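Look for chain A in each of the two complexes below; its partner is chain B in the first and chain C in the second.
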Partner chain A sequence: MNAALDPEIAASPLAVHGLTVSYGRKPAVYSVDFVTPPGSMTAIIGPNGAGKSTLLKAALGITRRLSGDVRVFGKPYAEQSRHVAYVPQRSSVDWDFPATVLDVVMMGLYRDLRWWQLTRRRHRDQAMQSLSRVGMEAFAERQIGQLSGGQQQRVFLARALVQDAELMILDEPFAGVDAATEKAIVEVLKSLKARGKTLLCVHHDLATVRDYFDHVLLINVRRVAAGPVHQAFTSAALQEAYGGRLSDVQLARIICPAAHLTQRA
Partner chain B sequence: MLTTWLEPWGRALLFGAGYNTSLVTLGAMVLGASAGMIGSFILLRKRSLVSDAVSHATLPGLTLAFILMATLWGDGRWLPGLLIGAAASAAFGLWAVQTIRDRTRLGEDAAIGAILSTLFGFGVVLITAIQSMNVGGQAGLTGYLVGATAGMLASEAALITACALLLLVAVFVMRRAFLLVCFDADYATTRGLNARHIDLIMLMLLLAVVVIGLKVTGLILIVALTIIPPVTGRFWTDRPLRMVAIAALCGALAGYLGVTLSSVRSGLPTGPLIVLAAFLLFAVSLLFSPRRGIVATLAAHQRFKRRVHLRQGLLALARDDAIYDDLTLRVLRRHDYIRRDGVATPLGASAARDAEHEERLWALYRNCYPDEAAQLDHQGLVPINSALPPDTVITLESDLQRIPRSVQ
Partner chain C sequence: MSDFVMLSLVPMTIAAITCLSCALLGNFLVLRRQSLIGDAISHVALPGIVASFLITGTLAASAMMIGAGVAALITVVMIELIKRLGQVEASAAMGVAFTAIFALGVLMLEWHGASGVHLDVEHALYGNLESLIWFEGLGWHSLFDRQALADLPPQLARVSWVALLVVVFLVVFRRALVIGSFDAEFAASIKARPAVVDLLLVMMVAITAIAAFEAAGSIIVIAMFICPAASARLLTNHLGQQIAWSQVLALVSALLGYVLAGYGPGWLGLDMSLSAAGMIATVSGLILLLACLFGPYRQRDGAARA
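Presenting the complex of A and B:
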């Protein structure tokens, strides 16, 4: 496959081909192919230990990959990192770090600031603007350790927003956050999609996949299924990805939430 | 007695104790500043112990360079040569620590312990060997263990100052990259930074500071200059670059006080005095820093206690309960919420209603989001508007209105 010539790959904000990552001898992700459709909102789904986060980290160059090719708009990631904004898991940093909310969001402006520049009002305003988009502008001067889990997640989202990137990659943004924060984050993500941005998101709550996303990638070390939600998010694919761990009742509720509700009514 | 000490010290403090002493003082200040700056990033990267390994690993290189120069020229005291030797063996020590950490199952701390003691032991053996050699200037070597600035040449002091100044600029240039990697190396990688390279640069700058500081503080104590000022800085601020700046200031101040004090009497070691000065600044911060100092913490606890009593008192007023606790009564009276006889004033009655409303919002929040509420450490004592994002508060308010009061 010549990545530079394939128009689908050249247009895709993130295309991975034959990606394999291994910790020791045991592959965590094995030969996964996936082309993210531009402008889509894609959920990466799979059971615990399926390699969802690892797939993203390898695509971003954080984890070293054993083999495979990663392209951002048809070019290697290293040349295109300005197009990608990453929202890591909350647990990945030490929240006792001496930084205020504003400091963390300003880190998103790293590429706009040369070493001789001091932070200007313009940069501050940019950061405050993205803080207000996640409802956190009143917390700008707060030390990050004083925030609750949901608030920390909002701050990470604000840091990614300030980059104004074409592709946003989120690692379990809804893990351990309150319902209000989940709603706030989903609204921000949907507004990004409406502006033509692409979103790729590791997601663990199967019940909300249909409400939040339009594409899915199901993996369990290997790729199980991928495509638009109505085609790829089927009970057969889920059974395969989760290895038969889901009961029929659970499946019915996940695949047809509307039918389930009418049944109960 | 006291005046014989104070008078020359005062002269040194005002840079009036001769050209040499002034130059050395300036050098120690710049060195202290750069050590404080790079040390802050190393501390934030949680690798403070690495500076210990680096400093101890300089000894074999230092002594080998001395032996080499002594056999070639009969005198091994040439400072640049000694520093190059020290840098080479420190780099080797650093490489060994990294290799052990990456290639084996040992952690960095274990690797540091093994390498540090081995290289230092080797260096001590070499020093003993030098003492049995018949060359000049061997007494000067012990100066590198605890620091000796008294006999320093002006050219040496100038070299140290220039190098330290260069390092200061280098850390300043790299500050944002360092910060990004210290806070979140994974995120830094996604922004196109090579975290491994940045880490390496950080360690190289640390190594350079340690090597340059050898003559001033000595290799055993230079580590104090890379750890104590950053920790001191942490007491005074919650902002990263401000902490680095305060650490630089503390380092410079420690260098200033230490060198001037040691110039008072010949034979006073510079390194220990610099470290003691750094510790003094640390101790003052530990006690009196307004954010995390011991005094401030005690005062904050008292304020917190009063706030709890005030809230409990107001809730008791709202429920028309009797209040018996003395402190609660005093706090309420001070706010003019109750009269001398314990009856609520109009002001108190309205405050009580507000408190009850807040309490109900918080209770609803705890009910709706138990996990989230458990993470908040103030348990509903702060005004809800300042603790939660506005959209959450609005949702709570409207939910509260929908629920009939009797159910709550």
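Presenting the complex of A and C:
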């Protein structure tokens, strides 16, 4: 992949080529290529153990990759990490940690603060602004262990918002949150998209893919399909990704939710 | 009172500085559930020191500290290898690594018969705080006497430098340490280099443990890496306050422990004194017990939900 020559890759906030990751002998992700379209809202879809989170972690340099190339706007991630905000899975951290909601959101400002600088009013205001965008400003001084799952997820989202990055990568942002929180999070993500930001999201609920996203990447260790939802999100691709474990009824409901609803009515 | 300056001032100060710097680092070890690493490193200092004695034939402090440092490094590498290859959790790997290396140290010591030299297991464990006498410290006025100051035990300067290093490390890396302790994956994504900070923390623990070990014995080190920070965690839900509390508790343990060891038996009418290091560690353990029983944050929502 010659990133300097390919305009598509130079414009993409995250382009991976030949990405392979292995835990032990078995590859978790095998030679995946994907170019995230700028300004898109992309769902990464696949069954459990398909390597969705691993793909993202390897792209972000959290997990070591065996081979492959990762570019952010045509340059290596290490130089460009400022353009990317990452929202890890909620379950990946210790919520018993002695920190307040505001403390966690301020972690998103890490790059703006050198070690000799103190945290100032302006940083606090920035963090509070992000909190109010996810409707959590009233909880700023709350100990993080006292939050519900949905509130924890919104705090993580606020921490990513304060980074003001071009690309936001979210790992299962809707896992274990109630319907109201899910809706609130989707609204925030859509407003980001409206402002020209790119979103890349590991997603599990196949029924909402069409409502929330405009692009999909289907993987099951290898790349199965990728592209705009109406082209790539097909029953054939889903059957391939899930190894034929989805029933026809499920598929009909996923691919054509509107048709299903009218049928039922 | 001149007795106090000569016999007790220096050991007490060394104990206090040691306790403060160990407790400071201990905050992050406790939060990362890595408390055992302090234990591991202070145990493997023994084989390191024995090996350096066998190789160099001297008991010079520098040689001992290098030996302990190399042993700590080998242990850290070994823990990492056992963790990766054996696919076991960190604490299991630490347990295996440090007991094995410590046992090796005991065998090396006996086999060589180094017991003739002033180098024995008891010394290693309990330390020798009481022996750090300031012979020129004839009274408080000696604190302003250049010649008397030159006679201060070298351990005092050593633990002070290490304490300063610990403070500088924590100030410079405070944000990276906190972020890496809370959410290592996020830290990696914003290039806060959690792996590097992790390694630096372990190195600081090793340096502190070795300096303290030589002055005050490993029992103090092990207790101080865990007890004050763990007690402080039960007193507050705020990291800044937790660190402040850990410092207060460490200082109280050091001073109270030292006084109790020296004078406690006398108050009971017994003509003896107890090991200061042992008493300091005991006091810190008792404080932890009290915090467990009465601390306002012993039951936390986050723990219950997770």
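Operating definition for what follows: the second predicted complex is superposed on the first by the 265 of 265 C-alpha atoms of A that agree within 3 Å, B and C clash if a C-alpha of one lies under 4 Å from a C-alpha of the other, contacts with A are read in each partner's own complex, and residues count from 1 in each chain.
Rule of thumb we're sticking to: a residue touches a chain if its C-beta (ideal position, glycine included) is under 8 Å from a C-beta of that chain, and two chains touch if they have at least 3 such contacts.
Not measured: the values here are computed from a predicted model.
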item: Touched partner set for A:196, first chain B, second chain C, both or neither; value: neither
item: Contacts of A:7 with chain B and chain C, given as first, second, both or neither; value: neither
item: Touching partner for A:244 - first (chain B), second (chain C), both, neither; value: neither
item: Which superposed partner A:176 touches (first chain B, second chain C, both, neither); value: first
item: Partner chain in contact with A:135 - chain B first, chain C second, else both or neither; value: first
item: First, second, both or neither for A:88, with chain B first and chain C second; value: both
item: First, second, both or neither for A:113, with chain B first and chain C second; value: both
item: Common ground on chain A, meaning residues reached by chain C in one complex and by chain B in the other; value: 57, 60-62, 78, 81, 84, 86, 88, 92-94, 97-100, 103-104, 107, 110-111, 113, 115, 143
item: Chain A-facing residues of chain B, complex; value: 44, 46, 172-177, 179-180, 182-184, 186-187, 189-193, 234, 237-240, 243, 368-369, 371-372, 375-376, 386, 389-392, 395
item: Residue ranges of chain A touching chain B (in the complex, touch as defined); value: 57, 60-62, 78, 81-82, 84, 86, 88, 92-94, 97-100, 103-104, 107, 110-111, 113, 115, 135-136, 138-139, 143, 148-151, 154, 176-181, 184
item: Chain C-touching residues of chain A, taken from the complex the two chains share; value: 57, 60-62, 78, 81, 84-86, 88, 92-100, 103-104, 107-108, 110-111, 113, 115, 143-146, 159, 163
item: Chain A contact footprint on chain C (complex, rising order); value: 31, 171-176, 178-179, 181-183, 185-186, 188-192, 233, 236-239, 242, 300-303, 305-306
